[in-house]
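The following pair of complexes shares a single chain, chain A, combined with chain B in the former and chain C in the latter.
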Partner chain A sequence: MNCMAKQQIQLQFEKIITNLAGNRFGRDTYIAQVKGKIDIEEKNIIEIPEIIEDVASSFVQGIYRELSEQYGKERALEIMELHSVRPEVMEKIEYAIRVYGI
Partner chain B sequence: MTVVITEAVHSGTLLSAWDISDRIALFAFVLSVISVLISFWALILQKKLNTINLQAVFFEKIFQDYFIEKIPSAAKKLSFDNNGKLKSSYREINRTLMEMMEQCMYFYFAKREFYDELKQRCQQLEDKLIETSNEFIENRSKQSEFIHSVEEDISDIVKCINDNYSNK
Partner chain C sequence: MFDCSSLYSANSGGKKRTYVELGKRGVAGIRLSGEKINGSTIAYLSRQLYFITHNYKKACRGIVIYCEKFVPADKLTYILFEAILYNLVHTYGYEVRLGWGDMSTAINTEGLSDSTIPKLSFYLQNQELYQRKFHFEQNERHFRRVFTSDQLKGDGVSKLLGDLKIFFLTSNITKKNTDQLALVISELADNVGDHTDADCLLDVDISKDFYTRDDDETGKYIAVNTVVLNFSPKCLGHDIKEKVRNHYYKESARYDAIQEAYENHKQHFDKNYDEQDFFNVVSFQDLITGRKGDTQTGGTGLTQLIKSLGKNAAEHSCYVLSGNRGIAFYPELLEYNADNWIGFNQQKNFIDHIPDEKVIFRSPTQLCGTGYNFTLVYRREKDELYGETANSVTV
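On to the complex of A and B.
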């Protein structure tokens, strides 16, 4: 799985939004911005805009929900990876996945 | 005739004597059955108490520091800046609650219903704090209202833990 090709998918939100929360919002974001572009044969890096300062664990669970139900949790994490240039956001995402799972 | 009467009398005495001893034996048997049932019930009760005591040990070990120091300390820092934006110190509440959830994974296996309820409450509070941090609330009264509502949510989390500790 380490030799999977990568593709980047950039998320976009309204300018006033600086934080992401809600399981439903996560799922809607996946459907609207990720689902149509995702390639399960590749590693899909989902870029969170730099303006986003915080991400709720519920959002993380929501954005992974459909993939997780379809392919299982382990495979979902292999197929899709959330990424932010902000280290504190990355740390929060990783911690949320560790504590609550997807 | 005398023989018949004698036999009748003798057998009548014998019959009543058999009844008394048999009744005593029956009574003793019933008592011993009751005694066995009580012992069995006491064993079940003891087993339940042992489980409760074991969980009480884990409750104290896991949650004590969060109740006494970590949660109150994080909650105290909640405030708004001069522009009406929730200060980033709110993240400490979320961080503390996530750490607490990580610590209480034992209950995921031992008391799933309690774990799920606690997780739901913590995530709902996390959502509330993060969604509010997107807004600007200039009205001081509304700011106080919000802080009070967060404190209520924290109290509900503590109550949820206490209720399960005392097994309500």
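On to the complex of A and C.
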């Protein structure tokens, strides 16, 4: 799987949003901004805007929900990867996936 | 509209007889006795109000409520009381007067002082201010919002999380703990909004930080008290009960397991644990939702977060009430097993075992909707001396 091609999808939110939370919001974000662009044959890197300083586990679970329902949790994580340039946000995402799952 | 009228009919008492005399000028009086304002008080008050609103209607112009002791048992109790007063004034248009012989608070009810209750007569003179204060507040110690279900859709919960973090910035609690608190509170609002279209009231207060504990001579303690409340015709486990009983789901091993658990739990149903409790517990299961046809949503986040909150706090008292049944959250019982089932029991086994006895409780108040009451007590982080009188921590 490491040799999968990569494509980037940049998420966009209102400028006043600095935190991402809510299972429903995660699901809605996936449908509105990711679903139409995702290629399951590639690794899809979902870029979280730099202004976002915190990502709640509920948002992570929500954004992965449809993919994990369709392809299973492991495959969903292979297909899609959340990414932020902020190390502390990456830590929170990784923690959320490790502890709470998707 | 945040409307608690359903409390009156739900607590009308059925065959229990009640009578409230309508005095001169159409004024009815209600006297509340007892050492505390608790669930029984709210049920009694609601029953009296059902009689008044049902029988006298517009013939009643004013209601005078007198409490011998206004000592609320917890935050949810006084928030319900506050909602009732607001409803009588704004929905029914009654002239309301509130009196009390003695009013006192504890670490878990300190927020009462900044509610509309103690200054009701002032707010009755300033209706616009009353409406605003009831729906919105943000100061150093108090955070209040009333959301419509639309406001909690989209990025509403994300904005709420940001607002809560700002609110907690000035508190004497570590950032790690307040960040967790902000997450749990926003999760609760998301959870409530996901299951109902009713408006949602959120109230958070931070107590003063001079409370002490008998077993800690130098420590000072501070509490964060939170209520998330909605009045919805549906109780917590209502939708999931309909879905499971009527088989409103596609083929799913997970929902079949719920059926299996139901058969096992049914054998233990009695006055302390019944079908309503079972479906309330089901509503916290991973990948289970009350929405028809939707087989896999939900998540483990909320209960996991509650668990971590409880573990980091020095004292805690957290529960959810829906109908007249409640679930108390004990961190040690909020463990999911390998298959992501939460049993609320020491066996960590939802399928075969009912929750531990201390988890399920019955309330004298029938609440149409869902109310979360969270009290978390923390040891103060900073060491400044405030020179205020110390009180004991009792949650």
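Convention: the second predicted complex is superposed on the first by the 102 of 102 C-alpha atoms of A that agree within 3 Å, B and C clash if a C-alpha of one lies under 4 Å from a C-alpha of the other, contacts with A are read in each partner's own complex, and residues count from 1 in each chain.
As a working rule, a residue touches a chain if its C-beta (ideal position, glycine included) is under 8 Å from a C-beta of that chain, and two chains touch if they have at least 3 such contacts.
Since we're looking at a predicted model, the values are computed, not measured.
Participant: So, on chain A, is it clash or fit between chain B and chain C?
Facilitator: Aligned on chain A, chain B and chain C clash with each other.
Participant: Once the shared chain is lined up, is A:Phe13 touching chain B (first), chain C (second), both, or neither of them?
Facilitator: Once the two structures are laid over each other on A, A:Phe13 reaches chain C alone.
Participant: Looking at chain A, which partner touches more of its residues: chain C or chain B?
Facilitator: Higher number of touched chain A residues: C.
Participant: Go through the superposed model and pick first if A:Ala21 touches only chain B, second if only chain C, both, or neither.
Facilitator: Both: A:Ala21 reaches chain B and chain C.
Participant: Return first, second, both or neither, reflecting whether A:Tyr100 touches chain B, chain C, both chains, or no partner chain.
Facilitator: After superposition on chain A, A:Tyr100 lies in contact with both partners, chain B and chain C.
Participant: Let me test your reading of the model: by the given contact rule, A:Glu50 touches which partner, first (chain B), second (chain C), both or neither?
Facilitator: After superposition on chain A, A:Glu50 lies in contact with neither partner.
Participant: In the overlay, answer first, second, both or neither for which of chain B and chain C A:Glu42 touches.
Facilitator: Touch partners of A:Glu42: none, neither chain B nor chain C.
Participant: Classify the contacts of A:Arg65 with the two partner chains as first (chain B alone), second (chain C alone), both, or neither.
Facilitator: second
Participant: Overlap of the chain B and chain C footprints on chain A, residue-wise?
Facilitator: On chain A, the overlap between the chain B and chain C contacts is residues 16-22, 54, 56-58, 99-100.
Participant: In their complex, what parts of chain A are in touch with chain C?
Facilitator: 13-14, 16-25, 27-28, 54, 56-59, 61-62, 65, 69, 99-101
Participant: For a test of understanding, state which residues of chain B touch chain A in their complex under the given definition.
Facilitator: Listed in rising order, the residues are 88, 91, 94, 98, 101-102, 119, 123, 126-127, 130-131, 133-134.
Participant: In the complex of these two chains, what residues of chain C are touching chain A?
Facilitator: Those in contact with chain A are residues 153-162, 165, 179, 183, 186-187, 190, 193-194, 296-302, 304-305, 340.
Participant: Inside the complex, what are the residues of chain A that reach chain B?
Facilitator: 16-22, 53-58, 95-96, 98-100
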